[in-house]
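Okay, so subunit A shows up in both of these, paired with subunit B first and subunit C after.
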Partner chain A sequence: MIAPYVLVFLVFVVYPVTYGLWLARHPQSYVTLFDDPVFFRTVVNTIVFLMVAVNVKFALALFLSGFFVHDRAWIRWLSVIFIIPWAVPAIPTIFSIRFMLNPEWGIINSVWFRLTALDGPNWLNDPTLGLTMAMVVHIWKALPFWTLILIAGRLAIPRELYEASSVDGATSWQKFKYVTWPSIRTLYLSSTILSMIWTLGDFNSVYLLTGGGPADLTHVLATLGIRYIRLDQVDQAMATIVVALPFVLPLVYFMMKRLSANE
Partner chain B sequence: MNKFLREAKLWLIAIPILLWTLLPIYHIFLFSISSKDSAFSGALWPDHPTLRNFGTVFRQEHFYLHHFWEQIWNSLWIAVAVGVITLFIATCAAFAISRLKVRGGRTVMNAALFTYFIPAAFLAVPMYKAMGTYGLLNSRWSLVLAMVTLASPYAIWVLKQASDKLPWELDEAARIDGATPLQLFRLVYLPLMMPSLVAIGTYALLLAWNEYLYAFLLLSHENTIPLAVGLGHFLASDDSPWELLMATALIYALPPAAIYYAFRRYMVGGLTVGAVKG
Partner chain C sequence: MAGVSFREVVKTFGKTRVLHGISLDITDGEFVVLVGPSGCGKSTLLRMLAGLEDITGGTIAIDGRVVNDVDSKDRDIAMVFQSYALYPHMTVRDNMGFSLKLRNEKQALIDQRVATAAKILNLEPYLGRYPRELSGGQRQRVAMGRAIVRDPKVFLFDEPLSNLDAKLRVAMRTEIKALHQRLKTTTVYVTHDQIEAMTMADRIAVMNEGRIEQLGRPLELYDRPANLFVAQFIGSPAMNIFDGVVQSGAVEALGVRWPANGGASDGQRVRYGIRPEHLEPASAGIPAEVVVVEPMGAETEIVAKVGDAPITVMMRGRSNAGPGERIHLAPQAAHAHLFDAASGIRI
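Take a look at the complex of A and B:
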């Protein structure tokens, strides 16, 4: 009964990956890749994206999880609304944000003009702003999910710990420092690792917002591989992924270790 | 007074959350009930709200919408096929690993998890190449099989966890009564697993309906693409009809959102909580 999955795994994971690695065997592909100025820029973008987007997202998720654990009926309703970005498909909302950022007709610059009487920035036509906005889109979409995970972590902390620290006269900062954080630190760190892996594979936030532009300056590794496919340079696309593997595989290994430790 | 201040502080956090979450959603809704002129004027509410955009979409009265019904049908067909096939594969695998304790079960589980943790955008490149060799490019089956590959690992993991929790006495009692493994599967296992099966079927279905990257790589004919790729085509030119795009996008987003909320209790957590809790 295990055969159907083994078959799927062999045909759609093992064979493609082996074939892909075989395609990526020519040293020439890597020379061409490293000579491509777009590649260098992409690596920098990817590192910035991972460091900034993941950490900002988790700082916010940590803060918001503290807000959402308050026991109020209206906060439970707010949490139902808060999950919408995660519940809806990516394209509609990313396209919506894309038009909101349109310099001439978008709602953001229109409000900007009404408030300051100045023209707003050309959001997606500037590489730095464009990448920043892609990170904003990524955070908008993924924040609810990680907030929920951290809420689950906070709710698992025994209430007595908080009651005892109240009796001892602890301030809310001390409660966070000595009760909350030690209890959810492991959860927070492994969530960050998992989120880094998934963020590395986030194609939509960049591709659907900027398309990698202007002038291919906002690509990340996930979109660059696909760009090479569209240019019919599959060897190059595979080489891009092989270059990323030394960074991805340790993270994957860490997560798998973590899972088997929990069994 | 102190209590009042604390409540005020909560509301001060709540308002930005509400704005941040709802603005892009409201913007979709705003465009879908606006005429083109009104949409492009940057107004926060149209002077003359209209449902005309939806009529245009349903009657396919625009170049980008000529295949609207066909594409929504493709989306549905692909999502249902992925849901059914994933459910079949994952249930069999979870039963074999968890209840029959087949040899190599652990290795298979690890292989599945490895696939789950590899970023999907990275697997897309070799997958595209392989589908080419199999001659499946531009057939809806290529997307169905690719999505089954992506959905199965999580499905197997969740079903295995759920199935580990079923009492062993049931299996023993069934065996003593002379039940074959297949009878055990059909008469004992499936009925007990029903809630998890519904959740996993929904998960796979939504994953397939929402997918963009694989759909756009593997399918390119106007009449095989799902609606997700059809929406992407709107941006092919500079003067895109954004009000129609947003009306179509709203129609596309509503069914999965409704399903998500209906099954919300099952949808969050699962593997992730299992994976990250210390």
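Take a look at the complex of A and C:
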């Protein structure tokens, strides 16, 4: 009875992976890739994106989850509004953010000009600012999901533990340190790793906002492949995916190890 | 150590009022048990004393200081929860020393206090273990250890024994009582088990629907229940109670005359109460038909029918009566209880 699973595995995993690797088989692809100055910049961007965006996102999610676990009616309503960025489709919303950030006619700089009588920053035409805005969009979009996960983790902690620690004399910070954190630490770390894997594949936040520009300076590995495909360099595109493996595989490995350790 | 006093304490959750003005004074070193049926508000009252619930009305004072607006952590109390609430990521040693650690006590002092408590509670072999590696009874002891290392002003217990099996419960009952005799810390203990209340308490407060029905020493409640509720709640097997009418010093009930002493006037409608052990089978008296005989060794419990009403009888020794047999019951007039039929208050 394992035949169907094997078939699914062959069709959806083995075939595409093998085909991709086969396309990426020419050593020349890698030489060209490593010689491309855009590639080096992309790797740096990717590392920055992973380290900064994921950790900022999780720090915020941890903080917000502590707020949203409070059992009040208005907090419930607020949490519904808070979920929206995650629930709406990515493409139109990211495009609309892109329009809002337009330096000449975007709403943000219009308001900026009205308030300060100065021109606003050139949000997406500056590589640092552009990548930063891509990270902001990424965080904005993914934060609700991870906040929900951490809320679930916090809700699983028995209320008596907090009551016992109150009676024992703990302050709010000590309750976090001795009750909350030990209980959700595993979830927090596993989620961080999973989020890193997903973030590596986050194409939308960068591509829809900056398109990798200006001058291909804000690409990440997830968008670099598309750049090559648009240049009709399919095996080059496949090579970028292979190059991303050293990032992904250790994360996947840690993730699997954590999952099996938790059994 | 300190006294505790409740003054007209009221609690509402939203629109429902669950405590209707509780007043209770507990003296220094006393062991007071709050007992009552499920939902009567005993945990709520205890949690208000612990600072885990807001006080809607009235005042609660510990050691003469009103604590209505004092945080749990500043009330200097220790509490044992029904679920034990041990910190799952700490060893037994760290669980027990936690409150001292939060107070920035010296490690040497913490170690010494934990060692003493572990010795009292026979927990020495388990100090390095995590709560999940302990049995229910051991966890219960750790929860007590966590309370006693601190030497607090008041101990609070909320049904600490209800997750244990019957045998362990009896053993822990004795242990908690011995602990109290040794430490003499003021204790408020919540349970729905009247036997626990009777065996452990200096004084019992019987609660029902957010009120204290009666407060007194265990045998006081047993011998002179203030009303029908207490009469029915305290004592196992429960007191026999039935409707009757007073007639020249006795009570007409179930078609026969039950001896009673004084207090009520002729023709008054009453509820007549008599405990099972105050009804002895005798050669003459109230005729009854045996339904069930339950020998327990030293005593025998007999359920018999007088008219159509089942009556429980507890006799010392053994009985050779069998189901269907007719016997006679002799009630001890001195131990009969009369309650007003309308108000349920003792006459």
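Keep in mind that, in the parts below, the second predicted complex is superposed on the first by the 246 of 263 C-alpha atoms of A that agree within 3 Å, B and C clash if a C-alpha of one lies under 4 Å from a C-alpha of the other, contacts with A are read in each partner's own complex, and residues count from 1 in each chain.
Convention: a residue touches a chain if its C-beta (ideal position, glycine included) is under 8 Å from a C-beta of that chain, and two chains touch if they have at least 3 such contacts.
On a predicted model such as this, the values are computed, not experimentally measured, just so you know.
Q: Clash or fit: how do subunit B and subunit C relate after the overlay on subunit A?
A: They fit: once the shared chain is superposed, the two partners occupy separate space.
Q: Count the residues of subunit A touched by subunit B and by subunit C, then name the partner with the higher count.
A: Of subunit B and subunit C, the partner in contact with more residues of subunit A is B.
Q: After superposition on the shared chain, which partner residues are touched by A:Trp77: those of subunit B (first), subunit C (second), both, or neither?
A: It touches nothing on subunit B or subunit C.
Q: Based on the superposed arrangement, let me know which partner A:Thr171 touches: subunit B (first), subunit C (second), both, or neither?
A: second
Q: Applying the touch criterion given at the start, work out whether A:Phe40 contacts subunit B, subunit C, both or neither, answering first, second, both or neither.
A: The answer is neither, since A:Phe40 touches no partner chain.
Q: I'd like to know which partner A:Gly106 touches here: subunit B for first, subunit C for second, both or neither.
A: first
Q: Is A:Val179 contacted by the first partner subunit B, the second partner subunit C, both or neither?
A: second
Q: Which partner chains sit in contact with A:Phe67 here, subunit B, subunit C, both or neither? Use first/second/both/neither.
A: Only subunit B; A:Phe67 stays clear of subunit C.
Q: Quick check on the superposed pair: does A:Glu163 touch subunit B, subunit C, both, or neither? Answer first, second, both or neither.
A: Second partner only.
Q: In whole Å, how close do subunit B and subunit C get at the C-alpha level once superposed?
A: Distance of closest C-alpha approach: 10 Å.
Q: Contact residues on subunit A for subunit C in the complex?
A: Of all residues in subunit A, those touching subunit C are 158, 160-161, 163-171, 174, 178-179, 182-183.
Q: Within the complex, which stretch of subunit B touches subunit A?
A: Contacts found on subunit B: 10, 13-14, 17-18, 20-25, 27-28, 31, 39-44, 88-90, 92-93, 95-97, 100, 102, 104-105, 108, 110-115, 117-130, 133, 145-146, 148-149, 152, 156, 185, 209-210, 212-213, 217, 228, 231-232, 234-235, 242, 245-246, 249-250, 252-253, 256-257, 260-261, 264, 268-269, 272-278.
Q: Can you check the complex and tell me which residues of subunit A touch subunit B?
A: Spelled out, the residues of subunit A in touch with subunit B are 1-2, 4-6, 8-9, 12-13, 15-17, 19-20, 23, 64, 67, 70, 72, 74-75, 78, 80-85, 87-93, 95-97, 99-100, 105-107, 109-111, 140, 144-145, 148-149, 152-153, 185-187, 190-191, 194, 197-198, 200-204, 207-208, 222-223, 225-226, 229, 234, 237-238, 240-241, 244, 248, 251-252, 255-256, 258-260, 262.
Q: Quick check on the complex: what are the subunit C residues that touch subunit A?
A: Those residues of subunit C that touch subunit A are 50-52, 71-75, 77-79, 81, 83, 85-90, 98-99, 102-103, 146, 156.
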